[in-house]
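Letters A, B and C mark the chains in the order given here, with residues in each chain numbered from 1 onward.
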Amino acid sequence: MMAADTDNTRRGSSRFEDIDWNEVEQRSGSRPLLTTIKLGSFALFGLLALYDAIRNGPFAEWLLEYISGGPQAEYTVLGIEVATGAPTFDFGSFVWDVTGVDWLFVATLMVMFWYAVVPLARNPRMTRYYWRQFRKNRAAVISMVYLVVIFLVGTIVPLFISVPTSNFQAQLLPPVFTTVSTAAGGDCLVQVTDSVCRGTMAHPLGTTRDGRDILKLVIFGMRVSMQIGLIATLMNIVIATAIGASAAYMGGWVDELLMRYVDIQLTFPQFFLFLLLSYLFEPSLFLLIMIFGLFGWGGISRIVRSEALQRTEEEYFKAAQSAGASPLYVVRRHVVPNVSNSIITAATLAIPGLILAEAAFAFLGLSDPTIPSWGTTISAGRNYLGTAWWVATIPGLFLFFTILAFNFIGDALRDALDPRQE
Amino acid sequence: MSARTLLEVKGLKKHYPITQGVLKKEVGRVRAVDGVDFSVSPGETLGIVGESGCGKSTVATSLLRLEEPTAGDVLFEGEDITTYDKAELKRFRRRAQMIFQDPTASFDPRMSIGESVGEPLLIHGISDRNRRREIVKDLLERVGLSADDIDRYPHEFSGGQKQRVALARALVVNPELIVADEPVSALDVSIQADILSLMNDIQAEFDLAMLFISHNLGVIREVCDRVAVMYLGEIVEIAPTEELFSNPQHPYTRALLGSIPQPDPRQRGESITLSGDVPSPSNPPAGCRFHTRCPDVIPPEGYEFEQRHWRSVQDLRQRMRKGPLDLETVRTAHSDAAGDGHVQTAEDGQSVLDDEGLKAGIREEFDIPQRLSDDEAEDVLDRALTAEVSDDHESGRDLLDEEFQTPCEQTAPELRETSAGWEAACLLHDEQRQRVEQPADD
Amino acid sequence: MRWYVIRRVAWAAVVAFVILTITFLFLEITPDQQVAQLQFQAAQSGGDPEAALDAYEQRRGLNQPLWDRYTEYVTNYVQGNWGWSDTRSEPVLDAIVASLPYSIMYSAPSIVISTVVGMGIGLYSALNQYTKTDYAATFVAFFGISIPNFWFGIMLLLIFGETLGWFPIIFQTSIADTQTFSLANLRQLFLPIVVLSTGAIAGNMRYARAEALEYVRAEFVKTARAKGATGWRMLSRHILRPTLVPLSTLLVGDLLGLLLASSLLVEVVFGIPGVGRLSYDAIINQDTDLVLGTVFIPVFISVVGNLLQDIAYTVLDPRISYGDR
C-alpha cells in the first residue's frame, strides 16, 4: 500500500476519494516540526529555571533545611548545589545572576515569540492586511517605533552597564547644554564660572542629589516598566482567557460562580486593591508583578467571556463539530483565535495602566526602593523642584510618552483588528 | 439504487424544556420534533419540506447528534448511532456531513478557505500539511473554483462561491450521506440553479445519499427523489416527488402546493388559504395537529355540513375557546349584516346594534352563512351566539365545544399507506380505508 | 422591576461583606510589623520577647479564636466602629470625617467640570466628525488619559508655582478652613482641580463621542434628518436621550475608580489634607487600622456607585428587560 501511495503521489492520492481511511486511522499522527521546536524550547527553559531555583531560589533555603535538618549545611540535588547564592551564569567576564523577575521576563518573551510573532509570520497575508490597516494611523506608527526602541534599550542595555551608583562628586548636575547656578548646592564636575554650573556629556541628562546618572536611571526604569507591563499583562491574559472561556463554554453554575467572583474583584477599585496588598506584603518587584498579574485580570475575562459566547452561536462552530472535532479542539482552534483580537486590544490598553500604577506606587514610596523605577526618581526630584528641575521632569517625560505610545497603539489596534464600523 | 437502507430514523424526538426560576424547574416543553420516521437509501435524495418553525432543521441537527435527541433511534447502515461512544461518533462524522444555510456564518473568518476545507482531514488524522493542500486544491477545482483560491479568505468570496466551498468541505472526507439544511435559501435565485446542478452532478458522480431540507417547494421538486412534508414536528406525508406534486394526499400538502406562485396566470388554480396562525410547538393542538387550520377538517357525526361552512364554524369555535369575542369590531365592521332593521340610533347620536344584528355580524365576521343548511346545527349555533352577545360567554363556548367536536381533535392520525400508494397521516384516509374494508357499516 | 432593585441591593450587600471577609483573611496572613519591632525592643532591653508577644496579643485581642475575631471584626465595621488610629489618637472614622471636606473641596468642582465639559465636547465631536475641532479634541483626550497625574501636578507646580509664581506651592489648611469660598482658597485649589479634571474630561469625552457616534450614524437619525430636523432639536431629542443611558452609567462606574485613585496622588503632590493624604500618611506610619479605613472608603463608594449605575441603566433603557440578569 505504501509503495502504491508514493507512486501515485502526483495523481492518485491528491483525490479525496482515494484516501484510505482505515490506513489513516491506524497510523498515529506525526507532530509537525515547529511544534516540536516550540515544546523543546519551553522544556529547556523549564529545566534552566529549575536549576536556578534549586541553586538560588527563594524556597531553596527552605528545601535545604527540610532535607538536611539544619541551616548552613551543604547539599546537592542531582549534582546541583542547593542554595549556594552563587550567580547563575558565571563564565569569566560574563556574570549574570538571574533573578526571579528575569526568569519571568524571559518566559514572557518566549511566549510572545511563539504565540504572537510566529503565527504572524506563518500567515503573511493576514499580517500584511492588519499592517496596512494599522499603518493608516501615523501616531500609532511613531508610537510603535518609540516603544520598540524603549523595549530594546531597556532589555539589552542594562545587561552591559552597571546599576546607577552614588557619586558624591557629581551631585545635581544639570543636563548637557543647560546651566544652573551653583546655589543648588551640589558639587559641580565642570564649572564655567563661579556661580554657574554646566552640564557635561558624561552625564547627558544630569544627576540626582546622590550623583546618580539620570540617563542610567531612565534606562533601568525602562526595563522595570517593560517587565511590569509585559509580565503582569501576560499573566492577566492567560488567567482571563482561561476563566472567561471556561465560563462561556461550561455555562450553568460554573459561569454564574466565576462571573460573580469577577464582579466582586472588579468592584474593588484596582488601584486600592494593589495599594492594600502592597502595604500588607511590602513587595519586591517580583511580588509586585505577582500582585498585578494575579488580581488585574477581571476586566479582560469579561471581554473574553462575552466574545466567546458570541462565537459559540456562530455556525462555523457547529460546522467544526459536525466535522468531528472535539470541544477542546474547537475552543483552541476557533474560539481563542477569534477572541484574540479583543484580547490584544484590551491588553494593549491595560499595559499603560499597570506601568502607571507601578510608577505611582514607586512615587508614593510603596514599592521596593532599590528598584530604579521612574517613579522613585520623580519622587526624589520633588524635593528640590526649584533648583534641580530635571530630576523630576525627565523621567516623567519618558513615562508620559511611553503611556501615550501604548494608548495610541491600542487605539489603532482596535481599529485594525476589531472593525465594527463599515 | 440498491435496496439496502443507508439511514433509517425511527421515532426521532427533540424537545426543549422551558424552565422557570433559579432552580430551572421545567414548566413546559417545546416539541420541535415529535416522532418522525423516514429512511434514505444510498444515492437517493430525500427532501424535507415545511413552513419555518416546523422542526425540519432540528431533524437535521438531531439525527447527526449535533444536538442530542430526546428519544428515538437513528440507524446508519444498521447501527444505532445514538448509542455510539466518542470514538465511534467521530468515525460516524466522517461518513455523514452537513451543509448549512448561511454560507458566511459557516466559515471561520480567520481561516483561509483552504484551511477550512482541509480541517476535516486534519481532524481525522491527515497531519501532513502538504498532502492536505493537494487534496483541497483538487477538490476546489472540482466544485468550480480555482486551486489558487486556496489561500483566500471567506470574505473575498460571493455567497454562491462560499456555498461551493461548503460543498467541498462536506465532500473532503468522502462521506456517504450529506445533510443539506436550506443550502440555497440564502442565495440569489440566479445562483441557486448553478449550485443545485452542481449538487446533482456531485451526487451522481459519488453515489451520495442526500437529505435536502427546504421550505421552497420549487427547489425540492428540482432536486429530490422523495419528499417528506413536515408540520409542527411531525411528518404528515411522504411520497415520491412527482406523485406528491401531482396527487397530494394530505390537506396540508395540498395547501402548500397551492401556495406556489405561478407565473402563468392561466395555470393559476384556486389557491387554498389557510386560516389561523401556526400553533406554537410548545402547545400543539390535540389530536391531528393540523386540524385547527385544515380546510378538510371532518365534521361531527349527526350533522350535515357543507365543508366550507364547517370550517368557518370550527374557526368560530376555536376563537371562542380563547376568550370572549371583541364585539366592538363586529359592531363597526358588520353593522349591516342583518339588514337595516336592526340598527338603532341612541340619544348621543351613536348607532347601536341590537342582539340580532350582533349575531348576524358575528356570522359575517367568520364567513358563516346567515342560516346553516342543517337545522339542528343551526339551532346549536344560534343558541351559542345568543349566549355570547348576552355576555354569557362561557355557556356559548361550552355549547359549541360539546356539540361541534370533530374527530380530528380526538384522534391523532398515524402515518399510514393511503390508496395512492404512499404514506400520509390523515384521518380522512383512515375513514376511506375503513369504508372500503367495512362497506356495510355506516 | 422593584424585585430587580431589591435583588441588586442584596447583591451589593453580599459584595461588601465578601470584601470585608477577604481583607480580614489578608490581615491574618501577613506578618504584623509591630510584633517584630516589639520583640526586638524587648530583647534589647533585656526582657523576654515571648512575654512581650503574649502581652501584645492579649492587648490587641489576637489570642482569641479565629471565628470570634472574625465576627468581632465584621460587627465592628458594620456598626461603624472602624478601629483606632494610633498615629492620630482618635477613632478612624473621626479622622476620615475630619478630612472629608478637604477632599470634597477640589473633587466636587472637578467632577462637575469634567462631566459637563467632557460630554459637551464629546457630543460636539461626534456631530462634527473629522473636522479640525474633532482632531484637536481627540488629541487632548489622548493627552489627558496618558499623562501621569502626579507628574502632571508636579510639572504644573514647577511652571505655574515656582517659576511663574501664579499659584501657591504649599497648601494652607487655615485658608481652606476659614475662607472656604474665597478667592485665596480658589487660588490654591486651582491646580489640583485642573489635574483631576484633565484625566476625567478625557475619559468622558472619548466615551461620549463613541456613544454619540453610534447614534449619529444610526438609521433613525438619518430619517429624522430626512424629515428636516436639524440642529439643537435633533441633537437633544434624538441623540442626547439615548446617549444619556450609557453615559449615566459611565459617570458613576468606570471613572469613579480612576477619580478616587487620582485624588490620592493629587493630595500627596499638593499637600491637601484630604482622605487620600490621610491614607498615605497612614501607610507611611504603619497605622494599619487607618489604612484599612481609608481604603474601604473608595471601595464602598465603588460598591454603591456600581449599584446606582446598574439601577440607572435598567431604569433608563426601556429595551433592557429586568427579567434575567
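We adopt the following convention: a residue touches a chain if its C-beta (ideal position, glycine included) is under 8 Å from a C-beta of that chain, and two chains touch if they have at least 3 such contacts.
Keep in mind that this is a model prediction, so the values were computed, not measured.
**Q** Measuring between Cα centroids, which chain is at the maximum distance from chain C?
**A** Most remote chain from chain C, centroid-wise, comes out as B.
**Q** Report the most central chain, judged by the distance from each chain's C-alpha mean to the global C-alpha mean.
**A** Centroid comparison flags A as closest.
**Q** Quick check: how many Å separate the C-alpha centres of chain A and chain C?
**A** Each chain reduced to its C-alpha mean, chain A and chain C end up 28 Å apart.
**Q** Per the centroid of Cα atoms for each chain, what is the distance between chain A and chain B, given in Å?
**A** Distance between chain centres: 57 Å.
**Q** Using mean CA coordinates as chain centres, what's the gap between chain B and chain C in Å?
**A** 59
**Q** Report the residues of chain A in contact with chain B in the complex, numbered from low to high.
**A** For this pair, the touching residues of chain A are 13-17, 19, 21, 24-25, 27, 29-32, 125-126, 314-316, 318-326, 329, 333-334, 337-338.
**Q** Can you tell me which positions in chain B touch chain A when the two form their complex?
**A** For chain B paired with chain A, touching residues are 61, 64, 66, 86, 89-91, 93-94, 97-98, 100, 102, 105-110, 112, 116, 119-121, 123-129, 131, 134-135, 137-139, 151, 153, 169, 171-174, 206.
**Q** Could you pull out which chain A residues touch chain C in their complex?
**A** 263-264, 267-272, 275-277, 279-281, 352, 356, 359-360, 363-366, 378, 381-382, 385-386, 389, 392-393, 396, 399-400, 403-404, 407-408, 411, 421
**Q** Okay, in this complex, where on chain C does chain A touch?
**A** So the residues of chain C touching chain A come out as 15, 18-19, 23, 26-27, 30, 142-143, 145-148, 150-151, 154-155, 157-158, 162, 217, 256-257, 260-261, 264-265, 268-269, 279-280, 283-284, 291-292, 295, 298-299, 302-303, 306.
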